[in-house]
Amino acid sequence: MKNEQLEVNSMQKAQVLVQALPYIQKYAGKIVVIKYGGNAMINQELKEAVMGDVTLLSLIGVKVVLVHGGGPEITAMLKKIGKQSEFVNGLRVTDKETMDIVQMVLAGKINKDLVNMLNNLGGKAVGLSGVDGHMIKAIPQDTALGYVGKINGINTDIILDMLEKGYVPVISTVGCDTENQTYNINADTAAARIAGALKAESFIAMTDTPGILRKKDDPETLISSINVSEAPQLIREEIISGGMIPKVECCIEAIRQGVNRVFIIDGRVPHAVLVELLTDEGIGTMFK
Amino acid sequence: MKNEQLEVNSMQKAQVLVQALPYIQKYAGKIVVIKYGGNAMINQELKEAVMGDVTLLSLIGVKVVLVHGGGPEITAMLKKIGKQSEFVNGLRVTDKETMDIVQMVLAGKINKDLVNMLNNLGGKAVGLSGVDGHMIKAIPQDTALGYVGKINGINTDIILDMLEKGYVPVISTVGCDTENQTYNINADTAAARIAGALKAESFIAMTDTPGILRKKDDPETLISSINVSEAPQLIREEIISGGMIPKVECCIEAIRQGVNRVFIIDGRVPHAVLVELLTDEGIGTMFK
Amino acid sequence: MKNEQLEVNSMQKAQVLVQALPYIQKYAGKIVVIKYGGNAMINQELKEAVMGDVTLLSLIGVKVVLVHGGGPEITAMLKKIGKQSEFVNGLRVTDKETMDIVQMVLAGKINKDLVNMLNNLGGKAVGLSGVDGHMIKAIPQDTALGYVGKINGINTDIILDMLEKGYVPVISTVGCDTENQTYNINADTAAARIAGALKAESFIAMTDTPGILRKKDDPETLISSINVSEAPQLIREEIISGGMIPKVECCIEAIRQGVNRVFIIDGRVPHAVLVELLTDEGIGTMFK
Amino acid sequence: MKNEQLEVNSMQKAQVLVQALPYIQKYAGKIVVIKYGGNAMINQELKEAVMGDVTLLSLIGVKVVLVHGGGPEITAMLKKIGKQSEFVNGLRVTDKETMDIVQMVLAGKINKDLVNMLNNLGGKAVGLSGVDGHMIKAIPQDTALGYVGKINGINTDIILDMLEKGYVPVISTVGCDTENQTYNINADTAAARIAGALKAESFIAMTDTPGILRKKDDPETLISSINVSEAPQLIREEIISGGMIPKVECCIEAIRQGVNRVFIIDGRVPHAVLVELLTDEGIGTMFK
Amino acid sequence: MKNEQLEVNSMQKAQVLVQALPYIQKYAGKIVVIKYGGNAMINQELKEAVMGDVTLLSLIGVKVVLVHGGGPEITAMLKKIGKQSEFVNGLRVTDKETMDIVQMVLAGKINKDLVNMLNNLGGKAVGLSGVDGHMIKAIPQDTALGYVGKINGINTDIILDMLEKGYVPVISTVGCDTENQTYNINADTAAARIAGALKAESFIAMTDTPGILRKKDDPETLISSINVSEAPQLIREEIISGGMIPKVECCIEAIRQGVNRVFIIDGRVPHAVLVELLTDEGIGTMFK
Amino acid sequence: MKNEQLEVNSMQKAQVLVQALPYIQKYAGKIVVIKYGGNAMINQELKEAVMGDVTLLSLIGVKVVLVHGGGPEITAMLKKIGKQSEFVNGLRVTDKETMDIVQMVLAGKINKDLVNMLNNLGGKAVGLSGVDGHMIKAIPQDTALGYVGKINGINTDIILDMLEKGYVPVISTVGCDTENQTYNINADTAAARIAGALKAESFIAMTDTPGILRKKDDPETLISSINVSEAPQLIREEIISGGMIPKVECCIEAIRQGVNRVFIIDGRVPHAVLVELLTDEGIGTMFK
């Protein structure tokens, strides 16, 4: 990539910056919620690119809220303590010990490491969990699943307080109830609900696919824009299938709750967030 | 205790409240940093009492900052993953894997559980680590000890922002540097340094002793007040000895940095914080 | 009382404070209007207890508004100048000379003495009359009664300005019109109307009875709570009778204007206000 | 006067307003303390003129603080209750009963009547005494004189709070101590001290003379301006003599404490305040 | 005039000021839009009188917005460059060169000269055009007329920002579109529309007539007040005729858009604005 | 240029944006004063590029102040009215008629056209002259030169008020005195003085040269950075000569008054401002 970059002359640089102008105007002072996960979280170079993008957006006046998951690190830690997980209908049962690991990895490890990176890049970040300021209120989703939680309320006060003070809130999706219990909350769902509760301008879900493809595995068939009403048909046609279904449902829910622009983008492309938000080259699939 | 309590009539209740008046006046709007640890953190009843005290203080206008350690839970977790710790001069070497566990337990588990309790008691709490807002800047204390950190800067911005917004900051003492590394910081030291940097009105260190005793094990010989200048002599006389020495040094450091009133109190006594701050019955040892 | 008090140990003190927690949460930042009068105003020890209670409430964040009457002192002063009062239907005619005395005693003597006490207890009080900031607008109630006024408007601006600046407004119930005339206003009525206009959280009327008693003179028959709709029946049954009727009507009016919780309490019990507001031992009668 | 007035045509009116322009510029947003007393307080027409002037000044942005005395009304009231005053060195001894009358007449009667008039003229006034907000702190001046007070501190907080909220503070000069005692304070002294503590732009003392006359009783010999350093010589020459001496001393004290412009004006001239402040026709004597 | 003025004594001056009181109360903090033009702009003495009036009004708290035209100076400048204007239906065609002259004379010359005068009189003025802050949005009124613009939107943000910061906005009526084009806007129309968009308290149009006269040329027949509904009849009767018709239509439009009080006054009378606003001698014609 | 641009792929675009990050951090919230003139003002494409740059900088949080000259348009207008200029020592004498033209062209034409463009690009601009808010105070520089002014005071209040309200102030350098006179002020000098008075972070002077060249006409010999102390020697060596001398003196003056970073850049290069401020490719000469 370095070679390519050397060829960009100062005039072209200025052009790129100038072309970003209308996008900066559109997003200045607006809230953008980014669901961060997948490869972009595992690959160190991609991680740094995303953190750079978040810092840049924050500096030019976009109010970024970063919501992260943490599947692989949780699995690694469970393995390390020799925990055997039970499964019910293919879903992992979250007992007390598992919940502790989930909470520790998300809120203690991943969250703080992301905050550290953002701060070192010149941002001003604070790590929050759904427990802080009673942000994500939860109830058990299914008693058979233990501490897997279902959201029954989002309190955006602490997020708005932090944004007002100029911080980038980095959120790990641990839920809480009124009995001092914590819950494991699906990060996609939580991110979409937070975006909805904040009436965000934009919600961006990072995935490990180029977006929704009309023909599986053929990036050329990327559907760049989907109307919410078309989604059921696409599911029936199995164009949207498997793990993509719940992600799409989150996006639709965000739209329904008043988020203006919702995207699924390819987290494996460096700076995908920046390209999506600040250039005229849309990548991924937009919902409307 | 319930029996005794039944005997307190409404007039006496009013008296207690009225007697708290001058203390409320003294601390209203002032910052009180509490180092929370030891038995008060392990015993569930004591833990609830402390959280109740913090919530009450916060509601009557005291700006409480709660700094916590977490030794036993860290040890338990290390044991769970079968980690054998090396020791150098009696100090545990904190390698990368150990540091991850320290950070997870402190910032992910204990911190969020305390926040959850405070919120459920009607407080408004937020969990922070020394990484958030670049609060605790650290460098390695001794290369032989790995990621054991020495504080080389406290940034109180994020604490003050949270206090201004009405939150009780609950702080886990993980330090950060500019290279995305985190460090294990001694909680007593960090709490004292934070109190100093905030120019707190009061710093309270909770211990598992009644305070400083002239005759070991004889609570009757409690020294209720020590002048900073007397401390060296008391150490020579071995009245202050063992694990109490570094605690006393932290207290002296806090005084030197401008904290007004510094106490060592007995965390095993329920509501010791409240009794110390809001009644005329001082408990523990005060430094001046 | 001192003996009893000595028996309250530090643990019990902490318990009392902790039990006040939910009440402090309920009233923090809320407006509480207290009608102060009767024995609690004559007996010096009771007066000091009430002023202590007001100061405490104010310090823990309750916005207290103190409205006072002054019957006995007015009578004494009239006697001193040898004024013979005329009566019409049992009501004292307030001629110009009488009105001057009323105004002087209320706004000049009692009001300022209460302000002085509150300030000396560590509060921050300001004395106001219904004339200041055109607070209580009045018209003659009955031309035969002279300057006895009927409220025809409450302007809460000056009260809210004072509360915002952190003062406890102490109000003497002198009314004004647009012709530079002042009026003698019934303090119970004025206090209830002020509470209503402020949409206060609570209105507390201090009386010289234990509350509303089912059997006159038997404190055991105290009715702890009355529904507004039950009042007419209780009046017909003469359970509410005599001087209590107008007091009850004021309470009902306050409820109707949107005050949340209205109490008649026994001003002869020291710290009755504190016991009512901050402990679980309700005293007196509550209207709902 | 009506005849004269009819002759002022609309052009002349505009001229007068335009000529006031530089004076309005000078005083806009500045504090002017007016000591109000003497004939201007007794004569109803003069009183209305002064209140009109204060309202006008307040409306055009001058921060007026009105400090009043009340000698004659106090004397009348003492007479009414048949109180015989003792005198020590020609000064009236203020016993408890006398102090009560002083306080009632000043803070209860005169103060509230002035506030009422100002409000009815369209101003926004609040009556304060030296007790409110612990404004005038006093100690006994001479034990033989009882509750005659000497100022030992001015707390301007409440005055500044009121000015900020747009009120004209009307102040009766009752002092307070920390023992719930009130004191009779000389109004000239208090007004000058308040002006000094507020670093007022201007202090105006209303008297019943045309100002300082070189030849007694000859208004043609008015000294329009006196340098503070000239005063002792004028006293020696008995040009300043009798009751004028303490008034002049107050003016000098105000200058010393940083008041910019200090005037003695003739309160018997209608609208003397307005003429002094807003026209080019200085009346009275200015100190510098 | 000097002679007359000498006869106004200090008492009369005070009377004039006091009589202005209710008018100052009425306009304090309110927005008054003044359309400035005609003789009052050409005659140097009148110009200074108007600028003095504006400064005085601004100082006593009226939020004055001054909108000016500039016909004669534009004509003079066009003549200087030897520009021959074409006319269509009696209206001057504004080609590009003419538009440049209009913009330069209005926004560059007249506007800045007025600002300079106001500032030198002690005001705090800023010159704006309809281009600044996209204030006056325009489209071509008639393609045959070139850059003569028709208002299609008023953005009051910049006016309100300036008023909030204490400036007197002086506005030249150059309009703008989104294509970087500017337009020549009729000043009467623009002033009325600005007054309407600001929901001004008052709109004053300065003319070179005494107001609307029942009999042409007989000032004795001045109609001091017209109801908006009477206007059509007055036009039919030719009492309102010629150049007065569009002025009256502007006044009616202002009333319709919510301006409270609308006046046509005689700009040839010195200080007409002040006399109209601050004395009881209404001059000119009021619309209601 | 379009061709080149097409070759920049989305990854490169992101890289450019990311590389701008540290520069955005450096300038966010800081004041940058740009002296705009020369070719960049005449060539329409360059003009649009500069306005785009200013808008972009403003949107990402830089507080841009744009100061412009207008030589060629003034000359054109003088020619149009057939004005023959006199010269004294090679300097044009600015008589009253010339001054009027200068003021009209600068403040009425160029200024408003720039504001119009900025607003249409999505910025929020306001046009000011040195007359507005008494910003540039001037006295005659030399009586022989007429209304050529010398700055004797900069009042930055109005600039700071506008920046606080979010506007880009566009300033034409017409000066004012207290006698309603206006003056023609050299734009370079005024811009540097304004930058100094604002303690700007950066002052950028646009010229029609690549910067300071060691060998005239050889861009390869550009001196990229000059220490203020080196300037006299460079003038002696005639490396800095002719019209560049006063420009360099302005830059040095700005540095002396506390501006942090001062640049001379080539206004003929499109987006030179952006390249200088937001990329690592410095162009032009920097003073330190």
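Should a chain be cited, it is by its letter among A, B, C, D, E and F, assigned in written order, with residues numbered from 1 in that chain.
Here, contacts are C-beta pairs under 8 Å (C-beta built on N, C-alpha and C of every residue); 3 or more make two chains touch, one makes a residue touch a chain.
All values derive from a computational prediction rather than experimental measurement.
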Q: Quickly list, by label, the chains bordering both chain A and chain E.
A: F
Q) Looking at where chain C touches chain D, is over half of the residue numbers used by both copies, so same, or under half, so different? A) same
Q: Look at interface E-F and say which pair in C-D, B-C or D-E is its repeat, using the rule that over half of the contact pairs are identical by residue number.
A: C-D
Q | Distance between chain centroids, defined by C-alpha means - chain B, chain F (Å) | A | 57
Q: Go ahead and note the Å separation of the Cα centroids belonging to chain A and chain F.
A: 44
(Q) Distance between chain A and chain D based on Cα centroids, please, to the nearest Å. (A) 69
Q) Tell me, which residues of chain D touch at least two other chains? A) none
Q. In graph terms, nodes being chains and edges touches, is this line, ring, star, complete or other?
A. ring
Q.
Under that contact definition the chains make a ring. Starting at chain A and heading to chain F next, list them in order.
A. A, F, E, D, C, B
(Q) Applying the document's contact rule, which stretches of chain A touch chain B when the two form their complex? (A) 77, 80-81, 100, 103-109, 111-113, 115-117, 119-120, 124-129, 131-134, 158, 161, 165, 167, 174, 176, 178-182
Q) Hey, which residues of chain F end up touching chain A in the complex? A) 1, 4-5, 7-22, 24-25, 28, 49, 52-53, 55-56, 59-61, 121-122, 269-271, 274-275, 278-279, 281, 283
